[in-house]
Amino acid sequence: MDATYAYLVQLLPAAAGWPPWLVVALIAALPALACFTFMSLGPLVYVYAERKISAFMQDRLGPMRVGPYGLLQTAADTVKLLFKEAIFPKGVDRRLFVIAPVLVNVGAFMPFVVIPWGARLQPADLNVGVFYVVAIASLSTVGLIMAGWASNNKYSLFGAMRSAAQIVSYEIPAVMILLVPVMIVGSLSLHDITEAQAGGLQSWFLFRYFPLMPVAFVVFFVAGLAETNRAPFDIPEAESELVAGFHTEYSGFFFAMFFMAEYTEMFVLSAVASVLFLGGYLAPVPALQQIGPVTIGSLSIGPVATGWLWLWLKAWSLVFVMMWLRWTLPRSRVDQLMYIAWKVLLPIALVLVAVVGFFVLQPATAGGFPWDRWVGWPLAALLVAFLFFVMVRALQWNRRRAQELAAQVTP
Amino acid sequence: MPSETTAREAGRGEGGPVDPAWPGQPEAVGTSDWDQDGLDTDEMIVNMGPQHPATHGVLRVELRTDGEVVRAARPHIGYLHRCFEKHCENVDYPGVMPYTDRMDYVAAMGNTLGFALTVEKLSGIEVSPYVQTIRVVMAELQRIASHAVAVGTYTMDIGAFTPFLHLLRDREKILDLFEWTCGARLLYNYNWVGGVSHDLPDGFVRATRDLLREFDSVTFPELLDLIIHNRIFVRRLSHVGVCRPELAISYDLTGPNLRGSGPARDLRKDAPYSGYETYDFDVCVGKGQYGPLGSCFDRNWVRTVEMRESSKILHQALDRLEKMERTDVHEKVPKRVKPPKGEIYFRTEAPRGQLGYYLVSDGNVNPYRVKVKSPCFTAMSVFHHLAKGMMIADVIALIGSLDIVLGEIDR
Amino acid sequence: MRQWLADVWEGFFTVLVGMRITWRHLFTSPVTLQYPSVKWPLPPRSRMRLFMKYEDCIGCGQCVRACPVNCISLKAEKRPADAPPIWAANGQPIKLHVAVFDIDMSLCCYCNLCTYPCPTDCIYMTPEYEFATSDITQHLYRFAKKDAVFLTEDPKKKAAAPGAAAPPPAPQTPPAKPAGA
Amino acid sequence: MDPKAIHETLVAKFGEKIQGASLEAASPFSVVAAEAIAEVAAFCKADPDLAFDNLMCLAGVDYPKETPPRMEVVYQLLSYTHLHTFALKVQLPRENPAVPTVERTWGVANWHEREAWDLLGITFLGHSDPRRILLPDDWEGHPLRKDWQDPEYYNGMHVKPTQQMAERALAGETIGVGPFDFTPPNRHVKEE
């Protein structure tokens, strides 16, 4: 808020004399507007990227018609969706039917308020940031259930029930894992968590307590996949089972809103995961944190802070991994989903919380570092090499076994 | 992982009408126990299809579900009924061929081959070894293409899109070969009574070899790695839709569906036609490597490895074609196809199982009566037995694993 | 516990294996084409739109009988006795005046059965496949011509005659025709 | 077992109820009295020498021109144990043909019999689910009978296409495209 106020005063010196309520409204509205514009245009890019990535993975070309390389395809689709008639099927609960997509979008967009894009580039640095993200993101569940209930469609209802069960279950391991960085930092503020990872690549939380935090990251990521209804956990909208799940009956603009919410949630999750584990806006090398000042002739540019770029890149690569997973994996079943949540992720998360908590309390390893730098990193290198070796061997073995099984098919 | 069984037990456990015949005394099979009025209060009827995305066409399944668990299922077929058998009575024998093409439109070569062989058997026509070899080549190429669609769409039912498109890519190459040979990509009218419509074009053998080499060395291992041995895929299928051999035989499951349950029965071995007895190949059976024998996974597995076996047969057939002297492929085609008075039941191993033609001839140019025993029809008749106690997602898996083509069920 | 660990590890590992394959495919060249701008070359035997060369039709009606879906309708009447004799390109005399020869391509099943019995090879399937219209009546092809120019000389005799200046304008018929169908 | 031995086994067991046979045909069969088919079927499945555990096909055929006019139901049997095949045949009157069901012997008969009822109007006594299977539930008549006439309307829809375009054109309507003044390629592709 202070930063925004400073910008505002810098831009409009007269604003300092305005009535306080106007100033407060302005400094609240400006970042919100910026955030919303940026984020709501985001899905255009994500959808295009998803379609292209899926196409390339499937040896296809993907959209090529609208604009060069189909770049304007999603824009055209958006226009189409906006101009399409919103159909209210017979028997829907109109009020809930309309509110549901709005609520889902609220849940998807609100977490942006606390995501730090730079040391001072944060719409609001809440001291309960992590808690806020978890709480507000769950709001979309309510929207999904509303949508499923209001649609007066059995498939929608199935989808809604599945999504409720799924999100409630996956919230638990996700929150458990959120505890881990919070314990290390001792603060719920996302800004503080990011700042605690300063010092380059090796001090990101992903690489602390070496074998532990990567596992935590994977667990968080998997739980996040389930919370955003992405494959292989896209069972609420499993199109081969439930037609389209909770948004079966939605069309036109309302459908576009669900679509937007889904992609926004993807980005939110990736951004939060980057902040918690990948150092947020911090550059992998501290020197890259800001560029400049560059002097070209008499013109002097900078210094330009690159924090937003780093967070954007990190979040994007996580979004890419999500897409990658989606176009690789089949969908799991409802009970298997619950199995993964309660019997795989939750025990791992509990163990992690306990062990990391122990390390945090130990004075020798409190900062995470002395233990890490001299033992963890060589161990990490060794382990990565070993994993690589195992991968290669297992691949060969897998191939051989497949061929053997294919060869000996006689009873 | 015990969760698969608990889901089913929950379905069979408390309340609800539980079929005493499941998993089935063969004496009691065949009766249907759909009790429309005896609906419990917590049960609901879900209508799946005929426009459902995963019912492989226009199949409609009525499900009585308790939550996600299916208590009873009732398939309704006939949405694609064209009364093929009535058509046959009104056209001459060559004119029946295009109609047989349109039954199992995914594997049209197998249908025409079956009918051509039936009429040839009744009229006592022996085609030359060259034509026989061409027919074997075409039938096996068609088997690969058909299984590619079957396995591909199956993975799509389970939620993975990419293997589907990878397999369709290879199927397209096979269709290119067909188009090159006879001018059509889907409905060939290639096998005639007493011959085939076109001789193979020059270079066909080499092109087929190239295709097979790529299939054997790239597509097939990739398919195994990407999806078949994927843990999620295996877990989804390996305990689902278990069909014991007695049930399978009683319900006349044939082809890969029967072999998935264990019995190594393949007409190409048991009652060879077109010189299949001279080829060296194995009968693929389900191995139950991940669960009970006869599950959805095993049926799909049989289809997968059968592609490899077909490629083995093809290599041998291509070797023979290279050495063989070309003869006129129309040599034995009669001017007017008029089989003597009589009746015959003849069956061939189509990609989806035993395709039987019961043909009654009264010595005219038109068949007096043609009855088709289509493998999908009988496979679908066991559906209500296997679907009981499943989850909705498993119903999709079951339909896919039976590999039905509605054009053939409804005829 | 061991089973549990093995399951978790195998699940994780098979996912990685799958991801590796899709990653590799990310960089292979696509196999699809930009259809209207790039077209697949069709093999010569492609069976698409039917065509009937009216000048060669002798009105025998064999194609009509062969068609399993009755998409050909033909009306032929005897040519008047005083009309000049005409021939098809392969030397078959045309004795009948084909008043109507309609093919309803919306019914055609592309089975190719009509082309085999034709004695003059005047009906055949062409590799032309882009003939979708929004009006179904545009799929009724009416091949009969009012002002058709027929061969008024027997092409066989002409070819055999010494000193024939030019070959007949229509292409020669194939020598042998497969029997049947 | 060869067809002759199978037939003899059946005759030895059921005597009069096996009414005839054609053992030299392409698909050999025995004719069974209609009322006995269920027990013959059960015997065929249970007898260890026959062991016909599979019903490959069940087909109804209409013979209105025979004397007397009759309908036939043909059961194609297969033994997965011995890999021999045989057929049983039941001859029924054309008026109200009825035959006991065999669905309790072979599960697959359920759908085959429904189909035979649907398309030929053969009643299967004791069938657990005697509904139409391929045609709509409110369809009238059985199309595979030889005396079947297409109805004009079904639920207010024309069953036959109103008038095919070629007929309209013959009647003088100016529709369609043509004539064509070009010769497209592919003419002599048959010779290559």
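Observations on the model:
So that you can tell them apart, the chains are marked A, B, C and D in the order they are listed, and the count of residues begins at 1 in each.
Following the convention adopted for this analysis, a residue touches a chain if its C-beta (ideal position, glycine included) is under 8 Å from a C-beta of that chain, and two chains touch if they have at least 3 such contacts.
From a predicted model like this one, the values you see are computed outputs, not experimental measurements.
If you compare B-D with C-D, the chain pair joined by more contacting C-beta pairs is B-D. Taking the mean Cα position of each chain as its centre, A sits at the greatest distance from chain C. For the pair chain B and chain D, the distance between C-alpha centroids works out to 21 Å. In this assembly, the C-alpha centroid of chain A lies 60 Å from the C-alpha centroid of chain D. If you average the Cα atoms of chain C and of chain D, the two centres end up 36 Å apart. Mean C-alpha positions place chain B and chain C at a centre distance of 30 Å. Touching of two or more other chains is recorded for residues 15, 17-18, 20-22, 25, 31, 45-46, 125, 178 of chain C. For chain A, the set of residues that touch two or more other chains comprises 57-60, 327-329, 395, 398.
Pairwise, the chains that touch each other are A-B, A-C, B-C, B-D, C-D. Within the complex formed with chain B, the chain A residues making contact are 54, 57-60, 154-155, 158, 161-162, 231-232, 234-235, 238-243, 327-336, 338-339, 395, 398-399, 402-403, 405-406, 409-411. Taken together, the chain D residues at the contact with chain B in this complex read 25-27, 53-57, 59-62, 74, 76, 80, 83, 85, 87, 103-104, 106-111, 115, 119, 128-129, 132-136, 143-144, 148. For chain C in complex with chain A, the touching residues are 4, 8, 13, 15-23, 25-32, 34.
Chain B makes touch with chain A in their complex at residues 1, 3-4, 6-7, 44, 46, 52-54, 67-68, 155-162, 165-166, 169, 220-221, 224-230, 232-233, 235-236, 262, 264, 282-285, 287, 289, 305, 308-309, 391-394, 396.
Per the touch definition, chain C reaches chain D in the complex via residues 44-46, 49, 51, 53-54, 71, 73, 75, 100, 102, 104, 106-107, 115, 121, 124-128, 136-146, 148, 171, 173-178.
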